[in-house]
Every structure is written in C-alpha cells, then in structure tokens.
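Below are two complexes that have chain A in common, paired first with chain B and then with chain C.
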Partner chain A sequence: MEKQWHYLGVDVGSVSTNLVIIDESDRVIEKLYLRTGGQPISAMREGLKMLSERVGSKVRIKGAGATGSGRQLAGVIIGADVVKNEITAHAVAAQKVVPGVKTILEIGGQDSKIIILRNGIVYDFAMNTVCAAGTGSFLDRQAARLNIPISEFGSYALKATSSVRIAGRCAVFAESDMIHKQQTGHSLEDIINGLCEALVRNYLNNLAKSKDIEEPIVFQGGVAANIGIAAAFERALGKKIIIPGYYDVMGAYGAALIAKEKMASSNSPSAFCGFQAIENEYRAKSIECHDCSNQCEVIEILSNGEPIARWGDRCGKWSELARNSEVG
Partner chain B sequence: MSITIGIPRSLYYYKFYPLWNTFFEELGAKVVVSDHTSKYILDQGVKSCVDEACLPVKIFHGHVLNLKDRVDCLFIPRFTSISKNEYICPKFGGLPDVVRNTLSGLPAVIDTEVNLRKSGKNALLAAYDAGKHFCADKRHIRKAFDKAVMCYRQYKKQLMDGKLPGDIFDKKAPKSKAHGAKPLNIAVIGHEYNLYDRYVNMNLLQKLKSSVANIITVDMLSEELINEKTRQLPKRMFWNFGRRAVGAALHLLERKDIDGVIFIMSFGCGVDSFVCDLVERRIRRESMIPFLVLTIDEHSGEAGMDTRLEAFIDMIRWRCSCENNLPAYG
Partner chain C sequence: MKITFPHMGNTYICAKALLDDLGIEYLIPPFNSKKTLEIGTKYAPEFACLPLKINLGNFLQAYEMGADTILITGGCGPCRFGYYGEMHREILRDIGCEMDVITLEWPDKGAGEFLHRIRKLTGKLNPYRILKAVREAATTAMQADDLERLANRVRPRELQRGTTDRIYKAFLNLVKKADGSAGIKKLIRDTAGELLSIETDMDFRPLRVGIVGEIYSTIDPYTNLNISSRLGSMGIEADRRVTVSGWIIEHMIKKALRLPRDLSYADAAKPYLGAMIGGHAQETVGHTVMYARDGYDGVIQIYPLTCMPEIVAQSILPSVEKDFDIPVLTLIMDEMTGEAGYQTRLEAFGDLLKKRRERGVYGKTVALSGG
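Take a look at the complex of A and B:
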C-alpha cells in the first residue's frame, strides 16, 4: 500500500518534550509526552526513536515544525521546515480542536500564557512576567514535597471540605504559607485545594488583567491534567472550561499544523533529517567568547563532531560562521 | 594639556550627549565616553550598586567604573527637572551622591544641578557652573553653551526625522533589507536609556527592523503634537517622560497607520509602572491596536523576549492577512 504523507511537530519545553505526528487530514496519528529532564537533545532523540519504532515504517514525513522555548535547538536537531513561537502554535492547535475558541488558558512548566482570539485570529496575548509561581514546575515541587504523585494532585483538591487560603503571588511565599497551614493542622486535601485556588487567582490577576475572558475557553498545557486547577478556574470564572483530548501536546500539534501549511505553499522538499538521524551523535558545547567585553555564551551544536549551528552571540560572528560552513 | 572629562554612556547620555560634547569641547576639554554597555559593564554595575536601584542606575555605575581610571573628572549632573513645571525620576537628583558614596577611587565629579522647573533659562546657569571648571571667562562659556544648544537642536531634528541615536553617534548608515513582506509600523515607547541601549533591550530595535518594521519613537513626534494631546488629560502629568509618553500614545491611537505599540519598561521603575498602565488603558479602551509590554531586568537569556516579540509580530501579520484574505500564519 502507498504510504501516506505525514507531518511532525516537536515542542521542546522546559519540563516536557512533546512530539506529534499528524496525517493529511490533521488527525493525530501518534503523540508523545516526555520529560525534558534538563536534557532537550536526548529527550528529542528518545522521542524520535520511540516514534520510529511505533510508526516509522508506516509514515512518510513531508514537513516538520518546531516550537517551545527550545525551538531553535529542536529546529536544528530534527531539521524543521518551520520554527514558530509557542503562542502562535498553541493558538493554531486550539482553533483546530475547538473552532471558534475565544480564550486559551495555557499553563506549562515554566511559563503560563493567555491567548485571546476574536474572529479566528489572535487578538491579544500575555505571558507571565517575573515569577514562575503559577506554573507546572512549582506544582511539581509541591507534589514532591508532600509525597503525592503529581498525577493524583488534582483529585486531592476535589476532596477538600473547607477552603484554606494560600498566598499565591510568589512561589516562596506560597510554600511557606502551605507549611504554616500544614503545621496548624489543616488537612492535606484542603491545603492542595487552597494551592490550586491561589494559582488560579495569581494567573487571573497577573495575566488576565483587563482582558475579556469569553467562551469557548480552552485550557491546555501540562497543568490541564490537574483537575483541581480546572475546577478552580471554573469556580473563579463561573464559565465552562474545555480541556482538549491532546491538551498536553497542543504546542507540538500546532507546530505540525503550521508545518503542513508551510509545505503546502512550498515546492522544496522537507528539511526533516529522518528518523535514522537519531543514530547521529549530537552534542552541544558552550564556549565563552572573549573577543569583546560582552563575553557572550556561545552554544555550538555538533553532529558527529561537525558543527551544524551556533548561537548566543550578540554580534553574529559565531552564528554566521556556522551558516557559512554549512553552505561551503 | 587639556582636561579629559568622562561621560558615562548611560541614562541621559542618549538625550543630551551632543549638547554636552560640544559644550566641553568648545571649552577645550577632551571628552571621553565610556564603552558600549556590555556584560562586563552590567556585572560591574550590579555588583557595586545598591540592590534597590533599577537596572539603568546599576548600569550607570558600571559605566562610571569603566571611565574612572582614564579621565581627570566625571560629568554626573544632578538633574532635578528638565522642563517647566515637571520633574523627572528622583534617582537622577541623587545620582552624583549615590555614585560618590558607592564607588571609591573616583576622580573629581562635576555635579552641576540642572533644574529647569521654573525656567528654561536656568540651563545657562547650569552651564556657567559646569563651565567654571574649565574656563574663567563667562562670555566664553556663554558662547560654548550657545553652540552646544545648536548641536542639541540639530540632534533633536535628526531624531524627529527618524534617525536613531545609534545611527547618529556611531555614524553607521541604517541598513535597509529588501524583503517581500509589507513593512509594519511599530511604535516603541520607553525611556531613552532603555530604548537606545541595545545591550539592555537585547537589540530590540534591530530585531524589529529585521521583522520588517518601521520604528516610531516618541522622539520622532513634535512637542506640539504631544502637548496638544496631553492638554486633554483631566490632570497635568507630573513627569516629563510621562507627559511625552502619554501624549505620544494618544496621538498614535488616532493615527490610522500604526500596526502595534510596544512599551519597554525597567522592572521596578516607579515612573514606568504608572505611565505604562495609563498608556495601556487608553490604547485598549480607545483602539484595536495590538499592545505589548516588555519588562527588562538583568536577564541575559533572550528566549523570553524573542518569544513575545515573534508572537506579537505574528499576531499583527495574521490580522493583516485576514483583512486581505491571504493565507494565515505562513
């Protein structure tokens, strides 16, 4: 049977690395949610390897897209045809899943965002500013401190019987507040529920300030798995929250959709390196450039010992070098 | 041998350098400007300065350290007010004292007070005060000052014509890239020392230019245009920067050719926190123009800035393409 065309989307975030493969009719064929674990390159290699084992013989990748805070790195390693910021990627994906979506709440590992759409286009957005108090990594940390698996965190909140107020403005304050409440004898369930409410309160005050949150509202990103947070959002907004089936890989899904769109209007073949390329050895090396007082921290990506990309320099000297050697 | 005077490339350097430079050179001094802001200068500044100060003040300390061992004296004027009935950030008023009491081993500091709150004529008094260190003849100082003011007016005119200080001071011709996309008109509002210091703002203006945008700054608008709008405010603005920023914003939202407004603010800046909020409210209430706030501090990772900027430009282009029924987000 003739193999179908497919598109790959990769979202390298601070906490998770997600991969999605979609077919010509935008259906998700395969999805992966992996922990980045501070090592984005090995997370991507592992992801590609798993995808290759599962569906490698059945799919032909016609285009690849990269997004997330590690999108530049991902773009080089997988050979992406398009590298997009995560706001656009999340908006594109949410619109595909919930046509006519007007508000997207997205909470990831290190940052949270709100995206407002009107008439099918992004109208406004905001990202968290100074602190990661309202994000997944903070919840992760608290779950670990309380010895509760993060997957069960939300269900604890739903069992709460009374509301306990936790300071939500700052992660350090929140943690000390939680410890105080716990030492005075409040139940774990009440405290966790209080934390969910604090996080939602912080999110709405910080990001959603002066924005009209209209339905349909989609809640996505890794934290959408937490039913306690979703419930707290519904209570605070008095509106219904939709959690899409692929809530945790929406960024990667969006990247795949954008790659598909890009390839439809392009005649050139995909830059995707292929599943075999995971055999290559990838290494990132950091160099401190001493040529001027900026002392830029330059990153060099090596594939089988050959530099394939460099970045991090302010003057462009190093990044140009890699680009030229690529051509020559 | 002539006296060398050091001018830190920071804070009001971006506003008044042509004036200061001409004035001191006319009086026979040799003017030395500190190097461009770099990681080293930032680090030195952050290490030496009091923790409560904002980033621009910390960077100023770094620039003073960069200069102190190669000049005979430093020019750190005490700015109280630069326009009638208006004030500026009080940190400028205390700057010479803060620097003197924080850093040791400094050469002589010329800390002339500049206070134009009551009258613009006080600028001449400031010039006599600063000039007396170089020349005893008041008429000569007066002449130097007149010439400096001429250079300053010329500089303001160049800014109004759309030149950026980097292009003027470094004598680099602005690069224009041929690109298929339609250029966007992006207004960028912020303190000069955040807007024009490319290390501090992570090359914001260049990044905008490479996403094919024409940059509009407050300096490109005439005082008349700005004042016409600020007169409509229910209460007079307290700060010079606030009046100019709010007036510019009110003017911009009436223009039909602005595709987006970016406000760049220092984390912890009192003036910015008021002015930015005021600008944001007016723009959101009275227009559909996309608005983005970029808060800068000591970050050296550019990912956060780049994501916001890319998404902002994407959003504007997406809107434009929808209006023209072109394919989206390509």
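Take a look at the complex of A and C:
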C-alpha cells in the first residue's frame, strides 16, 4: 500500500504531553496522552518513540505543529512548522469535531479556558488568572488524598444523594473545607459531588462572567474525563454538554490541523526532525545574562552538546546567536 | 544635593533635559529591572500597586549610588498615587535611608508654593532661565513621545524583525550620555532618521490595537512586559493616547496657565462614566470609545493589580465592547505575573483580531476579560 501524507500535532502542557497524528482527511490515526512529569523533553522523546514503534513505518509526516505552554520548546525539539498558542489550537480542533460550536469549555492540568465562537471564528476568550483551583492538578491531588483512582473520581460524584457545599474559590480553602465536611460525617460521594459543583461554580464565576454561553457547548481537556464535572456543568448551565471522543488530546489535534493548513499554503518542506531525531540527546540549560539591567533568564537548548535554540532574552542577542551558529 | 527620580518609560528623558538645563546635579537610577522590583517588593506593603514598588526600588538603587534627594510628581488626584510621595518618605525613613522628597506638581496653593519647591531645587537661578528650562523639557518630552510613536508605527512594518527595537533601545541608552535638551533633541532627530530608513513593507496594513489603562503600567515597558514591542513583532501596531508629555501639558502646564484642558476623552466616556472617579478610569473608557470610532481592530487594557479606578473601568468596558463591537483584552500586572500566560493571551488575541478582519465584522461581541 502506498504511503499517505500525515501531520503531527504535539501539545506540551503542564501535566500532560499529547501527540496526535492525522491523515489527509483530518482523521486521527494515532493519539498519545502522556504525563509530562515535569520533564517535557523526555515526555516528548518518549511520545515520539512510542509513535515511531506503533506507526513509524506507515506514516510520512508532511508537517508538524506544536502548542501548549511548552510549545516553544516542543517546536524546537520536534522541528515544528508552526507553533501556535493553545487557545487557537483548541478552537480549531473543536470546530473540526463539532462544526458550528459556539462555546468551548476547556480545563487542563494547570489552567482553564473558555472560548466563545460565533460564525466560525473565535470571538472572545478568557483564561484563569487567579488560581489553579478547579484544574486537573487539584483534582489529581484530591483523588490521591482520598485514595480513589482519578479515573473513577467522577463516577463517585454521580452516586451522591444530597448536596454538600464546598468552598471552591481557592484550592487550599477547598481542601480544608472538604476535610471539614468529611470530619463532620458527610459521605465521600456527597463531598466529591460538592467539590465538582464548587469547581464548576468557580469556573463560571471566574471565566464565564458576562459571556453568553450558547449551544453547542464542547467540554474538552483532561478534566472532561471526569463525568462528575461534566454533569455539574450540565446542571449549572441547564444545557447539553458535548464531550468529543478525543477530548484529552484536542490541543494536539488542533496543532496538527493548523500544521496541515500551513503546509497546504507553503512550498517549503517540513521542518520536522523525523522520528529518529529522538536518538539525539537534548538538554536545557539556563543562563542569567548580566549584560544589561534586564538580567534576562536565557534558556539554551542543546542537542548533542550543540545549542539549537535560545530564548528568554528581551534584546534578541542570544536567540540570534543560536540561529547564526546553526547556519555556520 | 544629588537628585534622583523614578523611572516611568521615557520620563527620564524629560527629567534629564530639565535638570541638565538647570545645571542641577542628578543621578538616573538604573533602568527598571527584576532587581529594582525585588528591592521595592521587599520594602513596600504587599497590596500597594506595582508602580509604588518599582519606584521604591528606583530610589533605593539610586541611594546606593549616592543620590540624596528624590524628585517626584504628585497627582493631586483621588488615586493613591497622589499620596505616594508621603508613602515613600515614610518607608525610606523606616528603612533608615535618609532622603529628601520634593513633589513637583502644580499645588492647589498656586504659583507661590510651586516656586518655593522649584527654588529648593534650583537655589538662586533666575526665573527666566527656569521657565526656559521647563519649556525645553516639555518640548523634549513631546519629541521623545513622537519618537516612540514612530517606532510603534515602523515596528510592525519592518522587513527584518527586531531592527526597530535595536535602534530604539540604543537610543534609550545613548540619551543618558546626551547633553541637555539640545543634545537630546538632536539625538531624537538622528534616531528618527534611522527609524525612517528602516526597510518596511509599504503595502502591509497592520492590525491596530489601542493601549488603554493605568498610566504607569501602560507607559512603562518593563511593567507591561514590552507590550508595544511584542505586538509589533506579531505585525500589530500599538498606539497609546496617554503619554508623559501629554500628562505634563494637561496636568501641569495647562493647569498653571489656566488653559482649558483637552477633555475629548471625557466626552467620549460620558454615556458610560460621566465623572472623574480617580486615576485614569475615565480616560480608559473614553479612549476605548475613541479607538473604536477611529476604526481600531482592538483595545488592550493594562493595569497593576489592586488599581481601583481601572477595576471600575474594566467592569464598564464590556458595554463599550458591545456597543461598538470592538474586542477588549484586559491584562493585569503584578510582580507575580507569569510571562507565559501573558504571551499566550496576546497571541490568542492577535489570532482573534486577524480572523475577525478576514471574516469581516459579525454580530455582537462580549467581554474579553482575559481572566
């Protein structure tokens, strides 16, 4: 069988590193959801290695896109043709899965976003600035504390029989409040359900204020796996919530779609390093530049000891240096 | 007596022109940096706003270098900035750092009090020379602001990314060595020539974004994480109506000469905010309306965390957004601001503006609180 063209999307987030390969008709061929574990470079290497083992011989990557909070790093390591912010990437993916989507609720590991679309374009967005309460890492922590696997956390909420009000404004207070409720004898199911409701309330108050949440509504990001939260959203909004099949890798899917769009309008070959590039050794080093008052923290990415990229400088001196040495 | 003054964007250029021409000994504190903020944060009250913290850092850095007198502008306004002169005096005394604070503003007591304060600076200089120096400083400030505006116009159109920033940044450093208002003005002219000779894409029509918000955080590039430069490198032209020279002319010179002030922003803000409520809230609302009328693609509001007037303005802006169909992004700065989240919001806002232009304007829009 003749090989088809494919596109790779990589989303390096705080908690998970996701990779998606799509084909020419935007179908997901392969997807990976890995824990970043604080080491984005190894997570990416691991991801590429797994992809290479699974489908490496069958796919030909024509373009690669990177997104997520580690998008710049990912862009360098995989050789991305396009590096895009996660808000745009999530919007592109949701529109592909649910054409005509008007509201995207996205809750990831460390941040949550709301994206409002009208007539097929992003009209408005907001990202949590205040606190990480209600994001994936907090739920993770609570699941661990209660000795419940995170994958079953949501189903506990559905078994609740009475409502318990948990203070959800701040993660620290939410936890003390949960402990308080548990010590006064509330059932675990009721407390977990209360937590889900508190997080949804916090999300809607913090991000969705003065925004018209219209259907279709898509809920994505790692936390969409939590059926308790999804149910709490439906109750709070009185509207139906759609959870796409690839809810957990929508950012990476969006990045792959954006890469495909970019390559369609470009004649140059992909910058993608190839699956074998993972054999290289990558290292990140931080340098504090003392040449001026800005005292930038410059990050240098070394591949086999050679600098391949630098950033973090305000004047561009260091980032330029890397580019030059690449040429020379 | 060795004078120093706080940084706020290109304010030091105007201050330098004034003090050079008056022949007063002074010391420009090191440019705002992480270090400045660290020192300031250490001694300032937690919930004071970012400008107070940075300025305190400026003074302490200057003190270490030998400055003993601080020249600041007051505000006389209902925003707490008007009280910062006193705050600084008290904090510095508590630290055990003996510095005199002279507040340069047009006092409600009138010319007598103003001259008294100027005298404290100038000693026995003749009034004519003082007036001339003030005039030259004001025109220097205007020209410095014009130069910044020029840089903002050239930046999104430059063919080689970073050229404008390189030239403009070199200028900011060279100014320190220029001599008096005459020397500075020559340098400004030379730099303008350099900026105009940058190779640009003449046909490129950049997206245009108006910057509104609290004066210090909108003007000072360190505080707003270089917003004009970031937008420029994304091919977006940034404009800002609140400037240093504008402040000097509107709040000092026109007040002193009893000339009518430019209140076009107040007219524009009237349906939303009919009264001055402190700080630059009315300007923020008014300028957003004016940018919308001028056909700008979007507006970015910037303010330091805990700034009351801007919090009020922020809650009004969604109405302006709806009525004029212009997207507004709000960015709140403090010493904890993470650069990554900030950049993500800016990029997403840029994408949003680009798509809107591609598709043409549709329907109504809602608040872009950005968080």
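As a working rule, the second predicted complex is superposed on the first by the 327 of 328 C-alpha atoms of A that agree within 3 Å, B and C clash if a C-alpha of one lies under 4 Å from a C-alpha of the other, contacts with A are read in each partner's own complex, and residues count from 1 in each chain.
Rule of thumb we're sticking to: a contact is a pair of C-beta atoms (placed from the backbone, for glycine too) under 8 Å apart; a residue touches a chain by one contact, two chains touch by 3 or more.
All values reported here derive from a predicted model rather than from experimental measurement.
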{"item": "Clash or fit, chain B versus chain C on superposed chain A", "value": "clash"}
{"item": "First (chain B), second (chain C), both or neither touched by A:226", "value": "neither"}
{"item": "Partner chain(s) touched by A:116 [first = chain B, second = chain C, both, neither]", "value": "second"}
{"item": "Which of chain B and chain C A:265 touches, first, second, both or neither", "value": "first"}
{"item": "First, second, both or neither for A:127, with chain B first and chain C second", "value": "both"}
{"item": "Chain B versus chain C as contact partner of A:293, first or second or both or neither", "value": "both"}
{"item": "Touching partner for A:315 - first (chain B), second (chain C), both, neither", "value": "second"}
{"item": "Contact residues of chain A, present in both the chain B and the chain C interface", "value": "69, 84-88, 111, 119-125, 127, 129-130, 210, 292-295, 314"}
{"item": "Chain A - residues contacting chain C, complex", "value": "69, 84-88, 111, 116, 118-130, 206-207, 209-212, 292-295, 314-316, 320"}
{"item": "Touching residues on chain C, where the partner in the complex is chain A", "value": "30-36, 162, 165-166, 169, 222, 226, 318, 327, 332, 340-341, 343-345, 347-348, 351-352, 355-356, 359, 362-363, 365-371"}
{"item": "Interfacial residue positions of chain B with respect to chain A in the complex", "value": "35, 38-41, 199, 203, 267, 280-281, 284, 290-291, 295, 300, 303-304, 306-308, 310-311, 314-315, 318-319, 322, 327-330"}
{"item": "List of chain A residues in touch with chain B within their complex", "value": "69, 84-88, 92, 111, 119-125, 127, 129-130, 210, 258, 261-262, 265, 292-297, 314"}
